Each structure stands twice: as structure tokens, then as C-alpha cells.
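As written, the chain order gives the labels A, B and C, with residue 1 at the start of each chain.
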Amino acid sequence: MTVRLPADPVPSDASAARRRPALLSSRLVLGVFLVLLLVVPAILSPYYVTLLNYIGLYAMVALGLVLLTGVGGLTSFGQAAFVGLGAYTTAALTTATDLPAWLAWVGASPWLTLVAGLLITAAVAVVLGSLTLKLSGHFLPLGTIAWGISLYFLFGTMQSLGGHTGISGIPPITLFGRALDDGREIYYLIWAFLLVAMLTTHNLLDSREGRAIRALKGGRVMAEAMGVDTARARMVIFVIAALLACASGWLYAHMQRFVNPTPFGVHIGIEYLFMAVIGGAGYVWGAIVGASVITVLKQWLQDLLPQLLGSSGNFEMIVFGVLMVLVLHRAREGVWPILKKLVPVRTAPKTIDTAAEPLPRRTLPAAGERILEAKNVTRKFGGLVANDNMSLEVRAGEILALIGPNGAGKSTMFNQLSGVDTPTSGEVLFLGKPVAGHNSREIARMGMSRTFQHVKLLPTMTVLENVAIGAHLRSDKGVLSAAWRLDRAEEARILKEAARQIERVGLQDHMFDEAGSLALGQQRILEIARALCADPCLLLLDEPAAGLRFKEKAALSELLRKLRAEGMATLIVEHDMDFVMGLVDRVVVMEFGHKIAEGLPDEIQNNPAVLEAYLGGVD
Amino acid sequence: MDMSIALILGQDGITNGAIYALLALALVLVFAVTRVIFIQQGEFVAYGALTLAMMQAGTVPATVWLLVAMGVLVTVFDAGAALRAGRHRRAAAVAGWNLIYPLALAAIMAMLPVASLPLLVQVFLTLAIVVPMGPQMYRLMYQPVASAPVLILLIVSVALHIAMVGLGLLFFGAEGQRTPAFSDASFELGTLMVSGQTVWVLVVSALLIGALYQFFERTLYGKALRATAINRVGAQLMGISPALAGKLTFFLAAFIGALSGVLIAPITTIYYDTGFLIALKGFVAAIIGGLASYPIAALGALLVGLLESFSSFWASAYKEVIVFTLIIPVLLWRSLNTGHVEEEE
Amino acid sequence: MTQTPQTNAGANNPVLEIKDLCVSYGKVEALTNASLTVGEGQIVTVIGPNGAGKTTMLSAIMGVLGSKGRVAFDGTLEVVPEVERMVARGMNLVPEKRELFGEMSVEDNLVLGAFQRYRMGKRDHKQTLEEVYALFPRLKERRDQAAGTMSGGERQMLAVGRALMAKPKLLMLDEPSLGLAPLIVREIFRIIAELRRRGVSILLVEQNARAALQVADYAYVLETGQIAMEGPAHELADDPRVIEAYLGFGGKHQAMLST
């Protein structure tokens, strides 16, 4: 049975307004687009068909950049080199006459050289990726310029690749015995490739791996804490983008039947990035829009400007460059979001399959069992002792509060407990095993789940998707399953679990809203739902009540009590005494890095050292 | 290869390396203060060299008209806003620097027999034309998107690079230019002949680096730029506006670029699009310094210069490949030293 | 809590007057219709729990954040507050995170505090520097040390000293006692009182409610982005609701301290 949950049972004014205009069905719009693509070669002149062929080829490369740059936040100027790798592989193999026997069979068909090109590209991408992807921000784009230039000069100087004159006489692609040697014929192949690439990219982004990829930009720390291997996710999109570029190069070589180094230089690589950014780097359709805008604009400027201004200068470059800057001044997100507003397409909310099999759960430790233990933890930063000989423990079925004035070292202690930081001396044991030496992912897998003091969520993703990231480690379908939709059964189970946790924390009315549109207090609650979605045995909550209104605090207390009754161990770092004292079982008080008191809430409230710590100051 | 060839190659390498070092310093500075990756640095090099060449050919350098055009735009935006806010003195100052100054410069160019002026006056005029384009460019192109992500700033740089190359072709034509040397003197150092121009390049580079050091260590404006690079919010709270810091930084970068162009024009033939590759080598050096360390970037620049001149002797076809693959071991070393996951903006 | 119908009557001569100030982060409103007045020579404090919008309010007044509403400073209405202009007109903010220039020396940090004055041609920073050193002898001892290597208390003193280099009319302090030992907190509050004596008006945002209410003339309580209460500081210090929420304990909700 499939139940479509209403996005908002009582439509608020804003969401009602969102639905009011007569929206077009997305299938209808897509259908019209596909029919247009199908009939275009029959009605347009060869000139325009060629233009569309180029748009298709460029869009495929730009699509890789949407995934890599727009979604994943990794910038590459070197995609043209991957296009060249695809084009030169097939050109060299299909035209060579003196290949050794073990290799010669590959050159027999372009389809075999496509496979060869993809394999070579993947290998090169893995090597380049392992060199550069670990680096922060700006090294990658600069590194990609370097390899783009190097490969370009290599194509131009290697005599076996024809030097600057290039390789000619490349055979056409044959499909079902028919040689695609005409622009109109290869048109269908190019656009079929592009549409398949768009479909698989779209599928990928809407999956477990896709959520991990979408978390790369601005959510890496959070994603790691939820068990996502972000380094691997970066490599995945880097290789996919390279493979899309390679396929584009293969098609290009067999369309032109000739290759030389010019179209694979770093300037063209820059242009691909332009296409993605101008089209809308965050959107799959931005690739087509960007490729179209730039290709048509350049063609148009090249035809028009010399008539207006004479042919003494490269006017199209000047106008093109300035236009690009102006577009970015006006629309940082690119053109696609603007187009999207013009064609109001209805977006169907995700469906939750309530009949999906629940995800496997871990067996919670018996109540009273020691879950987390800090033994004499000391953490020094230079001369500053942030944590001094701190010891505490958390047991199954209990809530422990760690309190203290601002700057007392609670956040540092939290980092030691969650394995983000390693103590200078002392140790932290989780389920009897030391936390030190394990990364966030391994700790998450062991059953510790956390929230963040400064909320870390992906503001443009829905609440449901944000929470679903929490279930990353409870599922295992990979990139290929996602691309070809073999992951739907598991995806349904993940979404059902996410929906269950959202209802549990009381955010069901906002399930399909963008996480960024929630109030701060609700965002904190969302983080708890995400942590619960990981099915932990220990919850670490960093200031969960900050910014919450009275009723929200009461609801949060209620939830935490419920979890305690189920056997969950919880550690709360908190300022809000009202919230803490009525809820927790035991309290540890910190000041200036060390523990000044520990005990039941009643005892703590009357402890003179605690009072002094909080009231210190002028007297 | 014998010793004398090695010495000549070494001399070439160090001369080019000094220029790359200047460019690398400017790139590091611009990135640290504004987060802009200054791809157009190379165009400032070419504009500097070719503006000087045009003057020497006796024509009014076309770049002065670009200065006038950009000045008009800045005046329209800034003086207009200042007038609306009732700040007349500010409006007058904006118009003075952005309207009167370029027009006065154009008038001087048209009236004076620039081709027969002494070389140093020509160099001064060249800088007077090209350098103000830096702050103007920051004002017009970057200030409206100053808070945008690095990617958007990078794309703006690339777009401006493309536009400036296009303008370069329009202004200077497709012909390459080489200007006469600053001095015909040459010195004998053992078996090595050191050309006067090499000495000029090295001395001016050293003086400029020294002057920049003094500027950043001793003056309040220099400290303000450092402060902005260290802590943008803190600097803003002191009244050091990002716009001011940006314009000042671009002024320095344009100055370094144009001066580099003037210095190498007698050594290398400069075309309208030569700048890109020169600036990229500055980038390689800047990357070696991690876009943060000035001394390491300067050393990296010398390394790039030497590698380039020696590889042009041994494997000239692969010269560029060798220089740019130098980045790979550097990146490798850096990636091995980056362990943990960090959040990027 | 309800809005108390009261105004800052001591402020006949307001240095800062804000009215209906609103700030949103995207669709989330962080500050709603906040109004407040600081009179000349007054210390006005804003207390409230973490996440109530105190820092947001200071950032909006300073022009670091965009806002809607009226901000009048020193008799002039600022339609859109702009940081450099506010600094030039004599408003300075010591932010919660201090925002020092860690790799630069103590003296360079201080001198940069006078940047805006220097730029406007008032080049008296050497003399101001001596005044600041007189107020914080510790900073003079450490003048050549890098700011980033100092202790928390020294850093706070440096942050305050740097702001004083601009000779402000209004000094805004965001949580100056944050993370400091009681002895140093006491020192900071002594300096705040001393500054008022010298004629600097002060807007003090504090989580240490007791200390803040003792030193201030007038106080506002900010909760979830709204001014929940206001009144003369000594009255608020005796108000049972404030005592329960921020100062005292033993109320019927077992409330101790909310900050």
C-alpha cells in the first residue's frame, strides 16, 4: 500500500500560494521536450542540427560539472582534457594500422574503443583525483588548469598522435549495421547519450549516495558524523564527470571524423565550466541550458558583431566576457532557476511507502550498562588547558547533563567524547572500546550519534532528505544501483524510517519543506531526528534547547524521556538549567576545564561551588 | 651542455623567475585579501608591455580609452550614489579620479610627442594608464559580488580574462612587440655576459619586493590589508571596508603586473595573449607557496623559471608540460599533509 | 512574559535609538521589532538566554547584518547602517569572538583600531595608544607579542583596547565576560564603569546577568528575538520574573539560572 502523505495538512498561506497557479504536469513538459527533440532534425536546416549536436556534446560535459562543481562543490577547469582523452583514444585506436595483435582487436569497432576510452579515463581520473581531491578549495581548480594544459601540450607534441595536425580518417560509428555518417543520424545518438546521462544523474542524486554527494558542499563534517565517506563520494563524482567528458569526446571524434588538440585546450575547459555556472550549476537541466546559451550566444556574436563593428578585433570575446560577468551579477544561481519560474511545473512530493520493510535495528544494551566512559581526559592547546583530568560516564537508559558557564570547556569535552578530537592524555571508552584513533564514520557505525551546537544541515534539501542521511550506515546500495534505480526497495525503507523519526520528534507537518525554512528550534529538532535515524545506542546532544520556545522545550523533554524509557543513553551539553534540571538523571558541572561537581540535579542546585561558578563576577 | 650554456640558462631562468615571483606575490595577495583568483594578472602584464610599445611607435595607446570608459562607468555609479546621499565632496573626488584624471591623461598622450620622450617617462605614463584599471575593475566587476562564493569570483575572473584578451587584440593587433632594452650595457662576470636588462629586472624586482615588505610592515594601509587577510570581520569592524581593501589590493596587483610587463618586454616578444601563460607560471609558484606563504611562493617562482629555461634546452617541445607537471609533486606533498576533513565555505 | 510599558527615561539625550528593528536569516526571523534607547553617558545592558538574538541585534545596529527598522545614531537616522560609516561616526563593536588579528602584534592590533580616524585625517593614534596603555598596562608589557598567543583575559582587554583606539561615542560590548575567570571579569567590569566615567556610552550584551545589572543604568531582556522586559537595571534586578529566570533559584519550576 502506498500512502501519499500531504506535505502540509493545514496549508499555511505560503504553501497555498505556492500551489495556486495552474501548474503543468512535469511529464507533459518532458514529453513536449522529447517530441521536439525527435522532430527537430526533420524541420531544421543542417546548420541548426549541427549546432544542436554541439550543444548535446557540450551539455554532456557540463552535466559532469553540474555534478562535480554545482552539487559537489569541486571546481575543475580540466574537463576538456578528459574530452580529449576520449576523442584521442578512439581516434588513435580506430585509425592505427600497426597496433600489436593483442590490442588491434579493440580498434575494430568504435564501441570497443569507447569502452577502452572510458577505462583509460577512469584510471587517469582516479590518479589525478587521489592527488588533488584531498586538498581544500582552491587547489583543485588550479591543479586542474595544470593538468589540462599538460595533456593539451601532450596531444600536440606526441608525434604518434599526429602532433598539431591531428588524426584524420576516423571511421563513423555503426549502429545496427548502419553507419552514422550524417549530422542528422549522429544527432539522435548524441542526444540519446545525453538523455541517458541526465536520467542516470537525476536518479543518482535522488538516492542514498546522492544525498551523500549533495552533502559534500557545506556539510562534510555532518556527513562524516553520519557515516558518509566523503572522500570516496568526491572521487565518485570526479570519475563520473570525467567519464561523461570522455563519452562526449568519443562522440565528437566520430562526428568530426578528425581530431586535433585545439578543442581540448584549457580555454575550452574553462568554457565548459562557464556553461555549467551560467546554466545553473546546481541543476541537472542547467547543463543543457548553459550549453545552449553559450553555444548560441557565441555563434550569434561571431555572426553579428563583425557586421556591426567590422572584423578588426575579437569583439565576440569582449562582449561574451562582459555579458558573463553581468549575468553573474544578476543571477548567481544561473539561468535555469529563472526559466523554471517561467514554466511552472508541478513537483510531486515524495511518497512514503508505509508497507516497506523496516530497516534492521541494533539491540540496545541493557539498562544500566556502561555505554560511554571518559577516564582522566586532559586536552591542552599550547599552554591552555581546555579539559583538565575530566572523568564521567553515561549508562544505558540514563540522561547525563554536562553543564558549566560559557567557555568552561564543554565543547572541547564534547569533541573528545565524540572522537572529533583526541585527548592529550586519558582516554574515552565507548562500549568498552577506545574512541581515539577512530574517525567519525567508524564511531557512528559503533552506535554513537550526535547533533551540532551550530546546526549543520543542508538548507535546500527537504526535512525528509536531511533526516534520511542519518540512515546512511543502515543501508548499502551504491552508485550503480542508484543510477539504474535498482535501489528503490531499500530507498523506500530508508524514507519510511526517516518519516518515522520525523513523526517521532513532531516535525511531520514540515516533512517536505526545505530544511532552511524551519525556525532555529525546529532545525535543532531535525538534527535529533537525523541522529535517531542512525539507530544509535548513545545520543550526544550539543545544546539542544538553545533557541527553543517554551512549548518546544517541553516537547523535546518529553521525547528524550521516551527515548530514555526505551533504553537510550543520552549526554546533553546544555546551558538552560530549567530544561536540564527537570529532565536529567545526573549532572556534571565544569568550570575552567575541570569538573567542579557531579550529582543529582537537586544536589547540584544547592552546591556552593556551582553557584559561585555561575554567579561569579562582581560582588 | 657545458658550463657556459648552463650559466646562460641559469641567467634566463633567474630573470624569468624574478618576474614570476612578482606575479606570484600579487596572486597570493589578491587571493588572501579578496578571495579572488586573479587570472587576469597576465593581461595586465601584456597591457603594460604593449602600451609602452605603442607609445614608442608614436601612437596614442588605445588602453587610455579603456581607462576613460571604465572611469565614466565608475563615476556614473559612485558619484551618482554619493550625490543622492548628499555627499558632494565624495562625489567630486570620485569624478576627479575617474573622469578628469583619465581625460587629462588622454590629452597628454594626444598632445605630447610621446615617442620621443625619455624611456623612463614613457614607463611612468604606461603605469599611469594601466594601473588605475585595477581598482576600477574591482569596483565595477567584483564589488557587486564580493560576498559570492570563490567559484563565482573565479568565473568572473575568467570572463574578464577572456574580455581583456579580446580587447588586447583590438588595441594592439595580432603582431608581437619587443621594446628596446632599458640599458645597452652588459657586464662580464667571469665567462658569463650579463645583459643590462637582466640587471634591471633583478634590481627592480628586489626593490619592489623590499618596498612591498615595508608597505605591509610599516604603513597603516599595509597593515590594514594584512588585517583583512587575517580576519575579514575584525577588519571590517575597524572600518576597513572590503571595498577599500579590494581596490587597494587590485591597485597593487595591477601595478606589479604592468611593471612586470614593462620589464620583460625587451627580453621576450609579447603578444596580446601572451600574458595568460606567464601568469599561469606565477600561479604554479603561488600554489607551491600554498596561496599563503610569500617567501615560499618567491622561491617557487625561481624554481619555475630555472626549470623552464633548462627544459627548453633539453626538451623544448615538452617545456610547458614539464613546468605544469611540477605542480603534481607539490600537490601530492600537500595532500599527504592534509589528514582530516575540513568544511569549505 | 509580557511587554512592560516602560521606556528608558534616563535617556533624555539619546546616543542610540533603535525602533522596530527586524532581522531575518532567509525565512527565519531572528529579531522581531526590537526597540531600544541608549542615553548619553549611560550603560544599557541587554540580557537573555543563548540564541535569543542578542548578537544578531548588535550586528544589525553596526551594519554587519542587513535589517529592517530605524537606527538613529548620534542624532542622525541611518537608513541602511554601513559598518565603515558607523565606525567613522563613533560607534564601535567588541564582538563576542573578539576577532583579533592573531598573527599581528598587540600594538599593530591596537593601531588598526584607529584606522578609520587615520583615514579621515585624525592622526593622533600615538597619543591614543598611550591612553589605552594607561588603562591596560598589561597590553603595554606585551606590545610586541602576537595577539593569538595571549590568554583569554588579555585577548578581551586587547579587543576592548582596540575599540577604544577609535575614540568611540558608543561602545557596544558583546559578552565581554565570556569564558573569563571571575577575577578578570571583575577587571573588565571595572573598566566598563571607568569608561562610562570618561563619557563613553555603553551598550552591554551579557550572559552574566547579575554583573551586568549591577553596572548598568537601564536593562532590556531579549527572548526569542523579542524584547520581553525592560526597566531600570536595579528594578529588573529585583523583579521576581528576572530573578527566577536569570538570577536566583528555588522558584517553583526549580529554575536556577537560564544562561
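Here is the rule we go by: a residue touches a chain if its C-beta (ideal position, glycine included) is under 8 Å from a C-beta of that chain, and two chains touch if they have at least 3 such contacts.
Since the structure is predicted, the reported quantities are computational estimates derived from the model, not experimental observations.
Chain centres defined as mean CA positions place A nearest to the mean of all protein CA atoms.
Centroid distances from chain A, each centroid being the mean of CA atoms, peak for C. The interface with the greater count of contacting C-beta pairs, when A-B is set against A-C, is A-B. Averaged C-alpha coordinates give centres for chain B and chain C that are 42 Å from one another.
With centres defined as mean CA coordinates, chain B is found 36 Å away from chain A. If each chain is reduced to the centroid of its CA atoms, chain A and chain C end up 40 Å from each other.
By the touch rule above, chain C contacts chain B in their complex via residues 62, 64, 83-84, 87-88, 92-93, 95, 97-104, 108, 111-116, 118-119, 162, 166.
By the touch criterion given at the top, residues 382, 384, 405-408, 459, 516-520, 543, 546-547, 549, 575-578, 581-582, 592, 601, 605, 612, 614-618 of chain A touch chain C in their complex.
Residues 31, 37, 141, 144-145, 148, 150-152, 154-156, 158-167, 169-170, 280, 283-284, 287, 291, 317-318, 320-321, 324-325, 327-328, 331-332, 334-335, 338, 341-345 of chain B are the ones that touch chain A when the two sit in their complex. Those residues of chain B that touch chain C in the shared complex are 220, 223-224, 226-227, 230-231, 233-241, 244. The residues of chain C lying in touch with chain A in their complex are 26-28, 30, 49-52, 149, 151-152, 175, 177-182, 185-186, 189, 207-208, 210-211, 214-215, 224, 245, 249-250, 253-259.
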